[in-house]
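Shared between the two complexes below is subunit A, which pairs with subunit B and subunit C, respectively.
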Partner chain A sequence: MKPKVAFFDFAGCEGDQLQIANLEEEILDLLGQVEVVSFREVMKEHSDDYDIAFVEGSCTRIQDEERLKQIRKNASVVVAIGSCATIGGINSLKNYQNLDAVKKTVYGEKADLFDTYLARPIDAVISVDAYVHGCPMTKEEFLHVVKSLLLGKKPDIPNYPVCVECKKNENVCAFERGEFCIGPVTRAGCNSCCVNEGTKCWGCRGLVDNPNENSQKEVLIKYGLSVDEAISKFRLYFGWEKKQ
Partner chain B sequence: MTAKKNLEVNVHHVTRLEGHGNIYVNVKNGNIEKCEWAIPEAPRFFEAMVVGRNWKELHHITSRICGICSIGHTLASLKATEAAMGITISDQDLKLRKLALHAENLQSHILHVGFLVLPDLMGVGSVIPLASSNPDEVKTVLGLHRMANDMSNLICGRTTHPQRLIPGGFSKIPSIKELINVRDRLKSSVPALQAVANLIKSLASKIPDFVRETEFIGLSNPDEYALYDGRIASTDTDSAPVKEYLSYTNEYIVPQSTAKWAKHERESYMVGALARLNINYDKLSPLAKKISELFGLKPVCHNPFMNNIAQLIEIVHSVEDSIKLINELDAAGLESQSEYNLPAVSVKAGQGIGAVEVPRGILFHDYTYDENGVCTKANCIIPTNQNHGNIELDMKALLPQILNKTEKEIELTLEMLVRAYDPCISCSTHAIKVHFV
Partner chain C sequence: MHTLSKEAFEEFIDNLIADNSLNVVGVKSKGEKFAFGPLESANQLRLDYDVTLLPPKKYFFPQRETLVTFDVASGFQAKDPKESKSNVLVGVHPYDIMALLHMDEVFRETKSDPYYLERRNSSVIIGVNIQNLTEQCFAPSMGCATVDYGYDLMLTNLGEKYAIDVGSHKGADILNKYAKNAKKAFARDIQAVGKKKMEIVNMAQQKFNFSSELIPEMLGKFYEKDSFWKDHSEECLSCGSCVLVCPTCYCFDVKDNPDLSLKKGERTRTWDGCLLEDFAKVASGENFRDTKATRYRHRYFKKGKYLFDRFGFVSCVGCGRCSSNCLPDIANPVNLFNDMYAESLKSGIEIDSVPVPDISIKTGEIIEFAPKIATIVKKVPMTANEIMFELKLDNETDLGHQPGQFVQVSVFGVGEAPFGVSSSPTKKGTFELCIRKLGNVTSKIHTLNEGDKVGIRGPFGKGFDAEFLKGKDLLFVAGGLGIVPLRSLFNYVLANRKDYGRVILLYGCKEPRELLFADEILELEDRDDVEFMSTVDWCPENEVWTSNVGVITTLIPKVDFDPQKTYAVVVGPPIMYKFVIKDLKSRNVPDDHIIVSLERRMKCGVGKCGHCQINQLYVCKDGPVFYYSDIKGVPEAL
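Let's turn to the complex of A and B:
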């Protein structure tokens, strides 16, 4: 019997589920291997009977924890997809601001009508079995993780920095161009896609397991960059990871 | 028969939408006691998140407001930053940005019409069963969607959350050979577009015949079907420059929604493909106009369900206008730029507003920067927010007309109404600063 899969979203832009639509003709192959029982973005039907749950977005409200716990109960495998779900991502920028002030900035005197708390990745609330990193996640890594799960294998996700891939691609180092790049501490697997397009690494795939802090410090000294600047750049995606 | 009807319809998390929206309907003895459109989505507070961030990052952050409209958000953001700092872009970059916008319009409209609306017209719950019952049609739609994504990839460096679009221009541009390749694919997509149009035409009787007069707002430009630039125009009033946007949007808060609502001349207004078509019909490309005539769609059309048809017409327009833009770039000779291009910018304090037409309607970003280029204040007004009031008023007008139908049919018709607006709720839940008097 084909495994039943379901998709869920919390606070995020739904750009990761969009990558599934972007699989185009490969969707049809995927549908041959799994049975989609819930995917609110594209289908009306819904069922709570599923084996694999893909979760996009961060948890940003206490009431969303219940929904997550229910998903964990129903699924035998939970996969976090995209930066908001895997590391908290851009959403955790608000964690460095006064939450009451944040609510008032957006909703004024009616701020009390709306709930929010520190934005956090899914594994801050429930246990997660696999991660598809990136903002957005890449279609290739998503398919790799799905195939691995179907074969009962552990997905092979790089645990070295983006710099490794970037050097292979023969890019001119962003630091040499006067940019502040997060590649030295960010998990590879994206094929240094942003640097290839002429910009720099922003850190969306999160920190490698053991970031080499000394070499990062050396880079800062070599290029005369301040610690404050480094902290500000790290917060863009690592806000939750660094706060723990 | 309908006079004494009791009915309760609660659709939690209406499907085939981006983001979460709920419909609440309660009818007692034929009287409508409640008919409400609610947005429970978790708010994300982007306007607060960008405060304190550097001007070079704003477009990267606000792109994350929406995965589907990330190119549009990036462009509105860049235009706001460029306006604040007096940055100009070349004519070539302007044309490339227009192509980026067309690419996103194509991606988004093809996804909506082909994957989300077609199942309603064909009486199924999703595109998944259509893959086996109508494989040729589904493959045609997938092929068009792939073309739009490849085009986004080529111009923006990515289909979602673009990389190449930066303040002052592009970090990297495609070669003329790559552009011509896209142009040829666009040209050869015309028969597939015609086939999709004919398929939808054959199902057109399923589109509810519902009319409620309302106001339509969108950009207008004397030179073209306005998408990248223009003045704010309305079917009710005179047009105005973009800097006067707050006098059009007038956002307010309702308790059932984390998203803000908007109104202008009437109780509500509509933005999006139908609004643009109603305002800019004369500027449509030739084949787009023909498709318009095929469906008898003429301005001013007040049937919100026809927004899906307006999207189909815009798909054709974007294809034709993109071909024209690439021909112009080719004729002028594409000027190359340095690798890792980083346009020189003199940072200064100021406020800037950027308005762009994105798939779901007019989008505003408004930033204030200090002398170091750090953002001190931000305001983003998203198309779907502007449509919420109109959706609810349409629901209230439509419900009495369909009360004699079965509960299931009523539910489906109301869902179809919401889907016709193609709401993008994940964008719309973080709204703007309001000034309470």
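Let's turn to the complex of A and C:
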């Protein structure tokens, strides 16, 4: 029997589901292995009978927690996809600001009608079996994770920093180009794609297990950032992880 | 020596490029830096470069390459090492040539790597004498600023022309075939080349404050200076940059990548590095180099001492890439060794240079990367977490192992993992493995059933010397899963019982329900030619246990043995060794009468990937079985 698969979205841009919808040919092969029962991005039907749940977006409201818990109950495997779901992502930027102020900016006068609380990755609410990091995630890694789950193995997600891939790709280091990069503390797995394109790493895949943040900060400062600027480098994506 | 005018040189290179049977690569600019890449025209060449981002090793040992393809229907197929085109590398600096000569030794030793060697044999190296150096380069201090061999052609820029030294027949042929108007060099050209080579030696800004010959000896005296290593590695990002860019680093990881059918796929190897946090971590969660300091130290020892002891050279060519790629700037060998030297002066540590060790390197065998297929003929659950599998090679041959050797078992699409063979070689036709469920490979194996296929490589490593042990009294000490490899020798001894003296088995596990081979052990009770005792660390209330309760060392005082006649075979979890060995020593068992079997993370199984290394030794190749006398001076061993 093919495993039944469902996709869910929370606070996020749905960029990750788009990546999946964009899998084109590969999706045909993939569909041979699984049965998609719910996927708002491409289909209308919905079913609560599924084995693997892919969850995109972060949890930003109390009400989200209930829905997540229901998904956890229904599914035997829960996979977080994209930075918002895996590490809190960009949403957790707001964790550094006054929440009421954030609400006002976002919702203006209607702010009081909305509940919002610290944006968090879904594993802050339910247990998660596998992660597809990235903002947006890459389809290569998504396929890797799906294949691994179907084979019954733990997906191989690196616990080394982006620099490893960056060196293998023989890039000129961002620091040598006068830019500031947080690849040395960011979990690899994206094949250092941003640096390959001539920019730098912003940290969208979250921190490695044991980042040497002090050293990273000192490096940023050595190359010319102020202490505050160095700290703010960590906030774009590491907002939730840093609060913990 | 020959000379070619600059125009004639460009024509020479363009002729090489025009030949479609060749893949011509050379040094080109990349942003503000330089890199080897495919040449479309000679005018892309930047022979005035200082250093390339990655060394040319990427053409011989690429960042990622397929070793084996697999198909559930037809098994494993090793990739053909033959390349369709030969590489011509234009503009290799002498230190990188030297680094390739170092790599040759590594990939040739004992079992040779067919992919690396084939690429080396089919490639052409056109070197160039250094015109510019980075601030971090210290090649002259390592004696690697110039080379007299290791190239097919060597260029020296003499202004309006290049001097070309021919280093091999291949080089002569290439020059003959593709270069027009090559002239014989005049005496003054030869002199000019000599002068240029002398100048290079003085160009470097980084220098040791002592003779580099002292490095191996000095390292030896600093191994245990924990604060020295801790202080120097405090800022380490564990980013691996220093090893990934190094022309003499060769460690790799191996991974299986199934395609979407999940039935076919490939096994690839990728660059890995000992500075990365999980390099020496095993499935049980134990990390044999769990601090920045120990990993950082390992790199310097590997280059400065272990490879020196093994091959007779310090495996650093002074290219300076590690230091220019280390963001916190802590990877510069010149700074580290100068600090070490200063500290040794300060604390009065005397350092003499050591003679180059006697090296005898075995070569000849070729690594077989493709596993043979075996079928599971029997699956017997032993405990909640351990299952015994009886396997039969599909080619109907015996495994041909020595007691104590191990095999690498492949599960399609999931990966490969090492397991000690648990059956005695006297058991013919099939062999047994007893596997504890921990991570990916082991969990998947547990789901396989009789009739299912797996891949087998090996047997590998050095086992127990059953021949040598004949006539001796044997004291077997097994802790937990340690009984598994030990059983191969134990059963062998029982099958040849009259050849051995006393046989004593002490076996301990955590609790009664974890006891392995319970049936066989029960039978031992009835034998009068085997002395047997067992123990559990503790017995929960709902279980029954009538023997000893306490850790394994509580059994040792209960047996009487003659330490001079007895050989102790000890296998168990890492923490058991320290205690058991201490007790055996206090009973006067000589160090060379204590035999252990070690376990480390493994990938290749043949002494190449670097994962299983304990100081200078490779567990997969020099072990897993060791005499205590051989490893008591090896700090990472126990």
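Simple rule for what comes next: the second predicted complex is superposed on the first by the 235 of 244 C-alpha atoms of A that agree within 3 Å, B and C clash if a C-alpha of one lies under 4 Å from a C-alpha of the other, contacts with A are read in each partner's own complex, and residues count from 1 in each chain.
Simple rule for what comes next: a residue touches a chain if its C-beta (ideal position, glycine included) is under 8 Å from a C-beta of that chain, and two chains touch if they have at least 3 such contacts.
A quick note: this is a predicted structure, and the numbers were derived from the prediction, not measured.
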Legend entry - Fit or clash between subunit C and subunit B when superposed on subunit A: fit
Inset, instruction - Figure out whether A:V36 sits in contact with subunit B (first) or subunit C (second), or with both, or with neither. - result: first
Inset, instruction - Tell me which partner A:D48 touches in the superposition: subunit B (first), subunit C (second), both or neither. - result: neither
Inset, instruction - Look at A:A11 in the shared chain and tell me whether it touches subunit B only, subunit C only, both, or neither; answer first, second, both or neither. - result: first
Inset, instruction - For A:E66, decide between first (touching subunit B), second (touching subunit C), both and neither. - result: neither
Inset, instruction - Answer with first, second, both or neither: which of subunit B and subunit C does A:A21 touch in the superposed model? - result: first
Legend entry - Partner chain in contact with A:E197 - subunit B first, subunit C second, else both or neither: first
Inset, instruction - Would you mind checking which one, subunit B or subunit C, touches more residues on subunit A? - result: B
Legend entry - Touched partner set for A:C135, first subunit B, second subunit C, both or neither: first
Legend entry - Smallest distance from any CA atom of subunit C to any CA atom of subunit B, in Å, after fitting: 5
Inset, instruction - Would you please give the residues of subunit A that touch subunit B in one complex and also touch subunit C in the other complex? - result: 172, 177
Inset, instruction - In the complex, go through subunit A and note every residue touching subunit B. - result: 9-19, 21-22, 24-25, 27-28, 31, 36, 39-46, 57, 60-61, 64, 89-91, 93-94, 97, 101-103, 105-110, 113-114, 116, 135-136, 172, 174, 177-179, 193-194, 196-199, 202, 232, 236
Legend entry - subunit C contact footprint on subunit A (complex, rising order): 26, 29-30, 32-33, 143, 147, 150-154, 156, 159-161, 163-164, 167-173, 175-177, 183-185, 208-210, 212, 214-216, 218-219
Legend entry - In the complex with subunit A, residue positions of subunit C that touch it: 30-33, 35, 53-54, 58, 63-64, 234-241, 244-245, 255, 258, 260-262, 270-271, 273, 276-278, 292, 325, 327-328, 413-415, 439-440, 443-444, 447
Legend entry - Complex contacts: residues of subunit B adjacent to subunit A: 13, 15-20, 41-45, 47-54, 57, 60-61, 64-68, 70, 111, 115-116, 119, 125-128, 131, 139, 142-143, 145-146, 149, 157-161, 163-164, 166, 170-172, 253, 255, 258, 339-342, 415, 426-427, 430-436
